[in-house]
Amino acid sequence: MERDAVMIAGGAGTGKTTLALEYLVNGITRFGEPGIYVTFEQLPDQIYRDAESFGWNLHKLEEENKLRIVCTSANLLLGSDGGELLDQTIKEIQPRRMVIDSLNHLEMYVPHGDLRQETYRILMHAKTRGISPLVIWEAQQSSDRSFTVTEGGMSFLVDCIVLLKFVEIESSMKKALVIMKMRGSDHDKRLREYEITPHGFNVSAPFTHYEGLMTGTPHRSITEEAANSWALAFGKNKQKHS
Amino acid sequence: MERDAVMIAGGAGTGKTTLALEYLVNGITRFGEPGIYVTFEQLPDQIYRDAESFGWNLHKLEEENKLRIVCTSANLLLGSDGGELLDQTIKEIQPRRMVIDSLNHLEMYVPHGDLRQETYRILMHAKTRGISPLVIWEAQQSSDRSFTVTEGGMSFLVDCIVLLKFVEIESSMKKALVIMKMRGSDHDKRLREYEITPHGFNVSAPFTHYEGLMTGTPHRSITEEAANSWALAFGKNKQKHS
Amino acid sequence: MERDAVMIAGGAGTGKTTLALEYLVNGITRFGEPGIYVTFEQLPDQIYRDAESFGWNLHKLEEENKLRIVCTSANLLLGSDGGELLDQTIKEIQPRRMVIDSLNHLEMYVPHGDLRQETYRILMHAKTRGISPLVIWEAQQSSDRSFTVTEGGMSFLVDCIVLLKFVEIESSMKKALVIMKMRGSDHDKRLREYEITPHGFNVSAPFTHYEGLMTGTPHRSITEEAANSWALAFGKNKQKHS
Amino acid sequence: MERDAVMIAGGAGTGKTTLALEYLVNGITRFGEPGIYVTFEQLPDQIYRDAESFGWNLHKLEEENKLRIVCTSANLLLGSDGGELLDQTIKEIQPRRMVIDSLNHLEMYVPHGDLRQETYRILMHAKTRGISPLVIWEAQQSSDRSFTVTEGGMSFLVDCIVLLKFVEIESSMKKALVIMKMRGSDHDKRLREYEITPHGFNVSAPFTHYEGLMTGTPHRSITEEAANSWALAFGKNKQKHS
Amino acid sequence: MERDAVMIAGGAGTGKTTLALEYLVNGITRFGEPGIYVTFEQLPDQIYRDAESFGWNLHKLEEENKLRIVCTSANLLLGSDGGELLDQTIKEIQPRRMVIDSLNHLEMYVPHGDLRQETYRILMHAKTRGISPLVIWEAQQSSDRSFTVTEGGMSFLVDCIVLLKFVEIESSMKKALVIMKMRGSDHDKRLREYEITPHGFNVSAPFTHYEGLMTGTPHRSITEEAANSWALAFGKNKQKHS
Amino acid sequence: MERDAVMIAGGAGTGKTTLALEYLVNGITRFGEPGIYVTFEQLPDQIYRDAESFGWNLHKLEEENKLRIVCTSANLLLGSDGGELLDQTIKEIQPRRMVIDSLNHLEMYVPHGDLRQETYRILMHAKTRGISPLVIWEAQQSSDRSFTVTEGGMSFLVDCIVLLKFVEIESSMKKALVIMKMRGSDHDKRLREYEITPHGFNVSAPFTHYEGLMTGTPHRSITEEAANSWALAFGKNKQKHS
């Protein structure tokens, strides 16, 4: 059975890589699903280091053949050898989950306008091998483009989109998460606070009574109850006095 | 009799393709109207896959000669053979509905400034054959261009424009739909919430008591009743106390 | 006696062409004033079609020599033959009204910075022949340029400017019309709602109690009465309690 | 004695030319001060026409040697002959007032960065001959540059700056005027409404209880009295209840 | 002892030159400190004229060897002769205060990226000779860059920064002044109104109860007292009623 | 044990250099940790001068071999000699803390897109020698990019990010500080006021009851208590009256 493709989109510093790592580590430790982390980063050491700060020993998971951090160039992955490169790893550990970090890096190496096609090819490569792909997209957090999660047509390729954002709430810098899309299900549309704790992502209760969360600087809304009672209270007063 | 041309405009991820597919599937299953889906997408498989997630078996409809997914290049459609290409399909299944996905793809292949003329040519090609054309336009969802549904002059070519948008309501990411134009009728101008359910589009009640829905981050408005009762209540108080 | 020059400015889809057509049709049917519609559109058929949807049979009016749809290139109109071209038509039907659709098209064909001069030449050509010219200008509806109806100096050439805009009111997409300029009269400055009905333009009551209509996403204002009564009510309370 | 230099700055359609004409006509008819109107406009006829609509017969004033409309190119005025050109006219009618319409036109003909120097030269040329110069500057009315009346350093050259703006008040498009600068006096800083009536400019009462007039889309402010009484009223209540 | 370097930053027309002149004139008349005004302006006459309107006779002060208006080109000041040029003047009148009008002019003559270094060189040249330098910077008053007083790194070079701004308060165009920086002291951070009177700068009371002064179009804030009493008042009511 | 890498990000004039200096001075005087200040500034004297105004004698600390101000070019640091240059200093004073002032300077000297890699190399160079690196980043304070602390991917390289901002509070220009990231700990997310006193940074209480602090022009929020009591108060009234 084909598995879902997920996209994590978010601004710099919102924890996309951490969420992606946790997705793989959870797969391994809780569901017995081996994983591949394909990165075009020039600094793979930092990934091991980041994982360590959450108590995730990636080296150990690699030695146990449950994980592979594939640090390659986008060029190599896109070339004819790219598939082989992954296929070799896929044969070795039989992964069920794969992270591509990130589409923005990939974009730099494909001819202009071909990112969708290449992304589709990679997603299908994974899906048809029984692997759930998760792709990372670093979106800009400017207020007037806050809903443009991805460039045109990218959202159509994935089954699920999780958006991460900074929001200022009660004079604090909090982080918000919202599912923008989940194919084939009536998903939760509420923006929720999350924290990156020493143990990884911790998603908490939905925000309530705020307007403009997507702008990053929301304000408290008048509750509907208050708005209604206002109208009724003074509507009654009006009749009493007349 | 000539049929109406419809435009679906909206940002990425708002479900334009799903709405267009449902338009064709409904035509076939409810009204016995065969349909063509003309796409310049390089990934037609994804369309079948997307349809499946809503329970629409496009392959089966194609086998029954009620549907054709025509996956062509914009170049081909625009060339002298393009008409023939469609005409062949039109002869085969006698369609009454046609989707063009999308004008943005088409735009890349026509000389600068010729999009309107080509769109007109295609729309007329369909209309004069008794086919209702529906064109898809991916609009940018930036706040300061939120009303510019299409580039100059495009809106004049179609009889009906449906705009799809993300809006943040009650700390949730909802979707809104509004009919911007419907030629020859006193159409509903209210912004309505819609959801993409496992069974397709589900349009629900109009939004009420919100201001700035078109910006994507609306806020609750003071109701007129409240505003009036306020004035009256204190107006009365004022007289009582003096 | 010289007649006034009118400019209709507005965003895409606000009905500029419909208003211009109605101006001519009304001239013919109500005031017995023949009219010319000069268009640089490449798709004149759409104009006949659009008019038909409002019940205006332009072909019939042309046959009765009360109307001419002059579909020319801007180049031709601007050249030395352009005047002759119009003059021939002017001789034939003795028009009192003329529409130029649109200045934006004209702008593409005149050397940079000459649009004002050419527009002036055309307006004077009409006025000195006893014809009221009406020019169409497609303005951008971005919030921060909402008052810049026209490029520099254009507004000075015309006697009257009507601006058309989309505005979101009570969670609906309505249309607003405002007279920005009317030379030699104390004109109505209120923004009014209008609708494009099956019978053409229908201008209704002015908006009241809104702020920011020109931004397209207005909000209800506190009424002056309410603001005053507030001050008075609590001012009174204050004294009562002390 | 040297006379003051005035700048009229404002967006398109705010009536800068009308105000400048009225300045000259008033000078002639009320104070017996002849005037020159120097325009770089290619359409001087429109100035006579515009004046006529206010009942000002410029041709007659010219015949009486009380006015000269000098329609020249900026090139000519800036060249060595330019001074002579004006000086000849100055000798003929001994003007006390002079309008330069406009600095924007002048700017196109001077080397980049020299506008200030040329403007200064022209202003001094007038002032040292006992003539009050008035220069017109067409400013852009975008919300985020609303206070930048002129380009850098221009405001320093003139003794008085009058800014004209469109403002939306009570769902109407009104016009506002504010004195940004008046050298050597404690001038009125209030924004005032003005209208262009069949008899010229009519400045009325200052706006009150509005915030954001300079953005063009102001909103009513809570009055200070209301704000204070609010605090007091509930402050009293608080004590009563405790 | 080394003296402090001051920067006056502000938009066009806010009175930077007037404040700088007053700084020198006050130094001379109240503290017996001679001053130099270094200007790259091509129109030094205007400076004398501007000063006269405030009752400051710069010519007389120059004759008394208490002031020098050094009108030079930025090129000359920056070259090897520049130091000499100033040093000659410094020897003659032994100044304690020096104004550089302006860094924006200077910026045009230094290689890109060298402005900081040249500014530093000039500031140190003055400081080490016991002269307090004051530099003028014309900042743009756009709302989204309102806090960017200077380009990167400039603020680090000076000991004190005074920012001048237009603000719309109570439907009037007022001017606001705020000290952005004062090295080594706990300075006043309040925005204060100032006026340019016939006698020079007049700084008055701080603004109170406004939000968004730095945007130029502030709005009245709810006072803290009101906000608190509101909560308390209704909090009490709530308990009473339950 | 490896030490944490810190980034100080903030607009011009927010005190980034002062905070970095205090970090080193505190390390020396309170924790006995020698420090290096690597600056690409062309004006190192200003650093000594700035420190003096806070009572920090950098020359003395250098003589005591507890501090080195390394004033180098970015080119030199990035070249093969760069490491040696630092290593020599590292050998001499055995530092535990190092400041890099600033990444913006560094960015000018590395090929486009290599800043991350070079920054990583420098950070690791320090960390692996037991030195805590602190890097300075001058961010733009425009409202719509207020959360984009750094360019893409930079935030991932550091363990802690401190953001400094100007905010207008109660009609005063205050400064705010917020920890955007602290790896491996549940850090304080509140925006706090800070002042630069004659003794250095002084961080005070968190802001409360403000919305939009990150925009720089916040407004007071309605307290939750008030919002709730409002609903309850009028909810009760409503039932009483009905």
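Descriptive notes on the structure:
We just call them A, B, C, D, E and F in the order they show up, numbering each chain from 1.
One rule holds for everything that comes next: contacts are C-beta pairs under 8 Å (C-beta built on N, C-alpha and C of every residue); 3 or more make two chains touch, one makes a residue touch a chain.
It should be emphasised that the depicted structure is a prediction, and the values quoted were computed from it without experimental measurement.
Within the contact network of the assembly, the step distance from chain A to chain E comes to 2. Summarising the inter-chain layout, the chain whose CA centre lies farthest from the centre of chain C is F.
Comparing the residue numbers each copy contributes, chain C and chain D share less than half of them at their mutual interface. Overlaying chain E on chain F by C-alpha atoms takes a rotation of 60 degrees, rounded in steps of 5. Chain D and chain F have CA centres that are 48 Å apart.
Chain A and chain F have centres, each the mean of its CA atoms, that are 28 Å apart.
Look at where the CA atoms of chain A average out and do the same for chain D: the two points lie 55 Å apart.
Looking at chain A, one finds that residues 143-144, 209, 219, 222, 230, 237 touch two or more other chains. In terms of inter-chain touching, the protein chains here make up one closed cycle, each touching precisely two others. Interface residues of chain B facing chain A in the complex, by the touch rule stated above, are 11-13, 17, 42-43, 45-46, 50, 53-54, 104, 138, 140-144, 166, 168, 170-174, 195, 197-198, 209, 216-220, 222-223, 225-226, 229-230, 232-233, 236-237, 240. Across the interface of their complex, chain A is touched by residues 116-117, 120, 124, 143-157, 159, 161, 178-181, 183-186, 189-191, 206-215, 219, 221-222, 224, 227, 230-231, 234-235, 237-238, 241-242 of chain F.
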